[in-house]
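Below, chain A partners chain B and then partners chain C, in two separate complexes.
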Partner chain A sequence: MTQVAEAVERETQTRAVVKKFMYVNRKAPYGTIYALEGLEVALISAAFDQDVSLAFLDDGVYQLVKGQQTKGLEVKNFSPTYRALEGYDIEKLYVERESLAARGIREDQLLVPVQVVDAKEMAALMEQQDVIIGF
Partner chain B sequence: MLHIVNKSPYEKSSLASCLSHALKGSAVLLIEDAVYAVTKGNAAEDTVRRALQDLPVYALGPDLEARGLAGAVIDGVKVVDYGGFVDLVAEHRTSQSWL
Partner chain C sequence: MKVGLLINEGPYNHQAADTAYQFARAALAKGHHIQRVFFYNDGVNNASKLTAPPQDDRHIVNRWSKLAEENGIDLVVCVAAGLRRGLVEDNLAPGFRISGLGQLVEAGIESDRLVVFGD
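On to the complex of A and B.
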């Protein structure tokens, strides 16, 4: 095999590796940069054809609340981007039931369809991942 | 899985959240301000003791020493150095940082 052919072979094999990535969002939007950064990283990994899921727990559930208006803050309202995730094949959005309940948020107040899971189910989902990155 | 926490239990809910998601077979490593949770007499002591019944709990020695608390660690918590930190990461299939 020529060197070029070998390099192509290696590249093909590298591309075939699909890992399960989970981004765990535990921070509210706007107060810190974590939420926006987490969203951007999720989009980047989806561009590499990885198996991406997003988890929202603790204050992270505030990221998905409908009706965010940031004009007064003069910062970008990035919440519509969550609705665009589907277009990047990011369809696994898990929201923790206990975190919603503690904050008085109902599922119908969220801006995108999600799967509501309890903490136990969330822990099991985390265990299935190859890579977990927290924000 | 290795769960890594780096925030004081008084400032953030990271430790509580971590412990409610840590399954049997995983381990918890406390670093930076999270080491305040493993000192004797602190309000999170009961939480740590309960966790110790199901999971190994480690704390990073240099962070305890820097804070003057190396002599006040709850029994059962294992103190590791940076090499031990690396070993823990290598021993577990995945790690998760609770910021």
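On to the complex of A and C.
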């Protein structure tokens, strides 16, 4: 590699900032638009080559429950989109154990593979982030 | 410090819209730099020039326009969230511009802190 090429590569590396982004989902998938528009942000951020993770707590755990039926509500069932996250290299999905337990939801009822963590572990994960955006 | 703001709630409906403005003003007064203000969810309504509150109330939209003009702040409205709510180029107040969600992610990357004002 020539000196010039080396210098260019070095500069490219310093400019390529990778931050840890966490999207915190706290609300039920329907009833408000937060879950849907929050998911749209997560998908866009994948295009920026950032270190993206999603956290689900409180009623946000309902977003990942299998078998969502929205016909009666006359809104689009967007839950299949969560399955597409893997294709965008978004593979870190954390679900709070206490939130699942409080709602009687088991891990095998979720539509994507997740990591179930307790509140304390979730707090530690949040501590590691550069950017946290909650919806 | 470089600060980015994300506003997710509508004007006159939620305290977040007011607090965001007050935070921006306080940050500027302390000598911080506002990298960008991004409007998302119902927050896009903070950019509508059609907003006409009663005379004796604060004008949330004009307040942003003034702050942007005086301090050269980049006010960005999400195009997709705006379209959903009927907010398009034609009814944007001065100082606002419409762009994509990438501008929010960029704010997260370029700012030292991204502060979220939402419910």
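As a working rule, the second predicted complex is superposed on the first by the 120 of 135 C-alpha atoms of A that agree within 3 Å, B and C clash if a C-alpha of one lies under 4 Å from a C-alpha of the other, contacts with A are read in each partner's own complex, and residues count from 1 in each chain.
Note that in this section contacts are C-beta pairs under 8 Å (C-beta built on N, C-alpha and C of every residue); 3 or more make two chains touch, one makes a residue touch a chain.
Quick caveat: nothing in here was measured; it's all calculated off a predicted structure.
Once the two complexes are overlaid on the shared chain, A:Gln63 sits clear of chain B and of chain C alike. Of the two partner chains placed by superposition, A:Asn25 touches none, neither chain B nor chain C. Contacts of A:Tyr34 after superposition on the shared chain: both chain B and chain C are touched.
When the shared chain is aligned, chain B comes close enough to touch A:Ala124, but chain C does not.
Of the two partner chains, chain C is the only one that A:Val17 touches; chain B does not reach it. By the touch criterion defined above, A:Ala47 reaches chain C but does not reach chain B. Comparing the two complexes, residues 34, 130-135 of chain A contact chain B in one case and chain C in the other. In the complex of the two chains, the chain B residues touching chain A come out as 1, 13-14, 17, 20-23, 26, 94-99.
Of all residues in chain A, only 17, 19, 21, 33-34, 37, 40-41, 44-45, 47-48, 50, 130-135 touch chain C in the complex they form.
Listed in rising order, the residues of chain A touching chain B in the complex are 24, 26-27, 34, 57-58, 119, 122-124, 126-127, 129-135. Contacts from chain C toward chain A in the complex involve residues 6, 8, 40-41, 80-81, 100-102, 104-106, 108-109, 114, 116, 118-119.
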